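Input: structures, listed below.
Shared between the two complexes below is subunit A, which pairs with subunit B and subunit C, respectively.
What follows is the complex of A and B.
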């Protein structure tokens, strides 16, 4: 059943009037006839609606900094925040140097009441000394939690002093949880810090290979990045740095040498992509390695960007080989999945990316949305000049980046870049809405109540989101697929990842478990009898009769 | 010991508001809000949901920068309005976060103002100050239970029932305690009762608040009970709901260890016999007999174990007792909490131990790991963060307590009562046996061919 404006109204009527007005702007019914459909995003969540959103700390330490394996990511604050961001995202990593993978460690200053009263700077400084001694990391990041900003601990100064003392890259991130309206603020803060202090700190001047690239916004959840890199390396690319899945300070500091930046998750990393373009002249290409068609298109765009015939030919060879491997494996899963419908609600890019993969399996996405994305992730970057900055977004500083005098290089001629921009998403992202079909629903910051209501009406065959809303849906008897941590499965990216995804989704549909939910005694009618023709009983009208 | 350090590497505990959420999930028709940044409730929901495999709805007042300057009363009002509208709860818990406490929010005052201004009918607001830096999740848990009881309890007619106050146990453990109470024919009010709410059967239609939990009316009448049985020997008086009921309403308090192991379960059953005047039924006597039979079978293997037990203080105490009863003596007993009285409680057990026992409080896993290595512990018992002891030290881990994030079924782990203890011991002994078999060849090779002697039952380093 499709959702009309009227049904939408009914769902929202349960809210108090003010909440209803607010939420209405965050929901739209896709209508391709309209030139542009506007949606409100990246604004404050209404208190008490049980949102899935997190905080700036989660976006900064949890998402962007957390996966950097050869750095110790210190959490300055009470113990909880560090604990909750302790490998929670399943970002996998393999040490490049012996004993230089610290992801299994949750390192926190564990602030106590006395630290809140007397300040925690000294404790933090002493702790950095200990961390350097115990772990001998390649660098240290310090992430702030709520109380740090409130009591006025100057973590930037502590970091500066420690940096001088230890001769190590030690940086601080003021990502207190109350900043901004969601994780998104934290992404921006982390992007700024990495750009200012780490990227470009290395000594490399020239790219190590002919086709050197960085992958931005890929966090190696369940090994996604490994599967993507397998194919890229096979084609002949040199992956300099991945931001930040399986990433390292050692690689990241030389990220400036790449000739092209790939952007997988636009929301969390587009700031760095833009800044690298301005500072080093490196263009970025919006890619999507989730889904077979999208992965092929991304690979072809990359090859065309470099424009080398042999690279283009090699790309086609690899694509052909990979397809030959996976197509027969996918076939049985397609049969199971075909004709099904899905909800796809994830953070800031996967809500879009997974729709293509679902479609290839024959599953239609009937509702999609992002937890913390901005309008450009929905409507495309063309909308950027029209987004009003508000008090919340103004609190996150915009860095003023200028071209690097010695390292700025034009990677390809300006005319060629302009020509390529017409063919591929270079320095551009068209957003999610354009890819959605008529009558489908787009919801920003979907909450618990709306999840349930939309499920009751649209009755999707599968609900793909995270651990917080997964159990609600399963209790309602609907299969789910966690797209945040993949239910401990994966990788789902690239060619082989698509097979894993198809297998897991098909399993959700075909498991016999769902058949047993209704006990046999519930199927029988409580009363049995016959109904006489209505003419015999003038008081009763047949349903539908006038 | 302890070596003074500033760094906390791999904590053995979570923060106070997380613990505060759990008791509210065990009250009928209750919801809970965290007054603070929305990340707090999101992170905590995530971690609780992953343990119980259940929906964990927790509201947030979504404080942001503006709230830090002007105060968050308006946000909290709005959060309460929306939660009431969508969930229609009869009780709402309001927990604070680091943010709210640092800016000095008076939640109790805000809750009073809310009641005055909105005049909602038939709803209670229970405020619990739980700054993240104020203690661990254990203290948060107990303070929330205490505040629920002290907020609702009122002078009541004597009704002959018993109050049962439980620590953070699994829903299966609580079901077992309830079964025993039922067998002994007692009327009781068990707080907080997560046995159905956090281990919820699939049933249609889905309701936003799971059925079950302690009814609010029953908590109101707790002062009329003949006695309170609280499984909270490690709980300080200021956090103790049983102590509150005793000092405010004169309800006699029996503070008992968690009914795990023969002796502790005997104490519980014996007290129930006294309070109810009923004889212990044959069913329980048979279960006790079976447990003893299990222990006789198990003791040969248990004696080969040297345990590192960690987690909430109440559970550490209970597990240490239970293991020692079967000759599986602890080597390391550790908790992330301050837990003042723990050493004293443990001292009779430690006196029986053939080797020196390390007790570590306010610990992280870095310290536990060192202690395990130094004492030669060969089995770990506790929550799933102990997996690092397996990864780094090869210690097999028997999962118990909260949280269990890397296995399913944390909510169904049964370890209380005679029947539960039997299952618990089987899990431990089988882990020892499995490890022995998995490493048998290597151990023998070392012993007889390489002559490197040392016998360890845990996996190879």
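What follows is the complex of A and C.
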């Protein structure tokens, strides 16, 4: 059953008037006839609504900084924030240098009441000293939690002093949880800090290879980045830095040498992509390595960007080889998945990315949305000039970036760049909505009540979201697929990743456990037997139940 | 694995590396889930609520429903009163629980929001109740938060409104799994004593698969029962850190005598638990429980050679550790390292009842060991490097140390994020002790089998 405006209205009518007015603007029914469909996004969640959203700290430390393996991430605050961001996101990493992978370490200043009263700067400085002495990392990041900003700890000053004292890259991120309206504010804060303090801090002046790229917004969840890099390296690309999955200070500081930046997760990293364009003249290409067609298109766009015939030919060779490997493996899973429907509600880009992969398995996405994206992730970057800043977005600083006098290079001629922009998403992202078909539902910051209501009406065959709503849906007897952590599986990116995803989704549909939900005695009579024909009523022969 | 942890211990004062505790609010959220028809509410930034729901969900593999005040920078400057009032209205309008249980966060505590005043001025529908607990993340641990929320239940709900006290016992189970709560209830039930357990997450955090989602599952302590707890003749607080403060408050408010006992993990603590019920209610312990005890002793004796003199390191929450340490001692093992992240004394004071109790147990067994409260897993790992052990017991975070040092590992406590069934199966009572014996011997003997040369592999052990 599709959802009409009338049904939508009925769903929203359960809300108090104010909540209804608010939520209405975050939901739309896709109508491709309309020139542009607007959706409200990146605005406050209403207090008292069961939301999936997290905070700026989670976006900064948890998402962007956390995966940098050769840096120690110190969390300045009470113990919880550091604790929950410890090893829970599945951003995998292997050490490039001995003893330089600190991802299994959670370092928290564990602020106590006296630190709240008298300030925690001294304790933070001691923690930095101890981290340097014990771990000798390539750098240190300091992430602030809520009370830090409130009590006025100057973590930037502590970082500056420590930087001078230890001669190490030590930087502070004022990503208090109350900033902005979701994780998104934290992405921006982290982007600013990496751009100001780390990217470009290296000595390299020239790219190490002919086709040197960075991959931005790829966090190596379940090993995604490794699968993507396997193919890219095979084609002939040099991956300078990945931001930030399996990433490192050692690589990131020289990210300025790349000739092209790939953007996988637009939401979390587009700020750096833009700033690299301005500062070093490096264009960025919106790619998507989730889904086979999207991965192929991304590879072809990359090859056309560099425009080298041998690279284009090699790209086709690799695509052909990879397809030959995975197609037979996908077939049995397609048979299981075909004709099914899905909800696809994820953070800031996967809500879009996974729709294509689902489609390739024969699964139609009937509802999609983002937890913390902005309007441009839905409507495309054309909408950027029309997005109004509000009190919440204004307090995240926009860096004023200018071209780097010695390192700015035009990577390709302006005319060629303009021509390429017509054929591929260079410095551009067209957003989720355009890819959604008529009658599908787009929901921003989908909450618990709406999840239940939409499930009742649309009855999806699979629900893909995160850990907080996974078991809610599973209790209803609906298979789920966590698309934040892949249910501890992966990689899902690239060619081989598609097979893993297909296998896991098919497993969700076909696990025998669904057959046992209803106990065999439900609906069955307690006593079974026959009643002998009664002489008084010879017509009655047999009655099954008593 | 953990290759950057050196053997040499340096004195540290900058905070924690690899904590063995987390913050108060998650404990408060868990406790609140133990009230029937209750929606926990986190008064702070959205991230707190998201983190706590996620982490509880990972441990229980169950839905954890909770709301948040969604603080913004404005609310942090001007106070969160407006956000909380909006939240209270929306929670009852949209989700309609019987109880909304508000806990604070480091954010709302630092700015000093006065929760009870805000609640009083909020629109709370007739027949509904909003309770609260102050749970500043910069004091204590998740165990303190659990205790504080149970205190909130006592403060807001329990009433002494009968002339005399009723022949019924209140049980505050502490921060344990629903399977443990069920087992404790079974034991008290077998004794034939009427009881009120609160909080009680059984039936909430171990709910069955039925094909239907219930935002408020069938389990949990009923509000009227918590109210009636003020009329009981005794409160048994299981676990000093999670349960004694609310039990003492109930004694003060409603004159219900309180006894604090160890969480009944292992044979001795279970004996103490049953003996207390026996003497307080003058009821004999039924043969069925005596039989269970005898079976446990039988297995412990049959297999003492698996355990005797084995060195073990244990970490986790203090109330769990007290029982576990006592139990491994009763198996003839040597708990040489015992560490909790929770501060032991009041508000982070240095030495408290935790170290004292564990040290007394070790002394009685003529053993010496490292015992520490407010410690971290980095330090525990260093202890193990300096004095190796045969077995490590603790929550999932221990697997990194176990792998680094190649030590058999038993998962016990909170959180267990990489295995299932622990929320359902108890570690308390004689049955729970039997399960611990199974887990410990599996870990030790699987290891012995793995390492044995072909000619040494034993069929019978």
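Convention: the second predicted complex is superposed on the first by the 521 of 546 C-alpha atoms of A that agree within 3 Å, B and C clash if a C-alpha of one lies under 4 Å from a C-alpha of the other, contacts with A are read in each partner's own complex, and residues count from 1 in each chain.
Rule of thumb we're sticking to: a contact is a pair of C-beta atoms (placed from the backbone, for glycine too) under 8 Å apart; a residue touches a chain by one contact, two chains touch by 3 or more.
Worth saying up front: this structure is predicted, and the values here are computed from it rather than measured.
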Per the contact definition in the header, classify A:351: touching subunit B only (first), subunit C only (second), both, or neither. neither
Partner chain(s) touched by A:99 [first = subunit B, second = subunit C, both, neither]: second
According to the stated criteria, A:151 is in contact with first (subunit B), second (subunit C), both, or neither; which is it? both
Let me check the overlay on chain A: which residues of subunit A are in contact with subunit B and also with subunit C? 14-16, 19, 44-58, 77-86, 88, 104-113, 115-116, 123, 126-127, 130-131, 134, 145-147, 150-151, 177-183, 391-392, 395, 448-449, 452, 466-472, 475-477, 517
Of all residues in subunit A, which touch subunit B in the complex? 14-16, 19, 44-58, 77-86, 88, 104-113, 115-116, 123, 126-127, 130-131, 134, 145-147, 150-151, 177-183, 391-392, 395, 448-449, 452, 466-472, 475-477, 517
Subunit C touches which residues of subunit A in the complex? 14-16, 19, 44-58, 77-86, 88, 95, 98-99, 101-102, 104-113, 115-116, 123-131, 133-135, 145-147, 149-151, 176-183, 391-392, 395, 448-449, 452, 466-477, 517-518
Provide the residue numbers of subunit C that touch subunit A in the complex, in ascending order. 1-4, 6, 10, 12-19, 21-23, 25-26, 41, 44-48, 50-55, 57-58, 61-76, 83-84, 86-91, 93-95, 105-107, 110-111, 136-139, 141, 207, 209-215, 341, 347-348, 378, 397, 400
Seen from subunit B, its contact residues with subunit A in the complex are 5-11, 13-18, 33, 36-40, 42-47, 49-50, 53-68, 75-76, 78-83, 85-86, 97-99, 102-103, 131-134, 136, 200, 202, 204, 206, 208, 336, 364, 388, 391
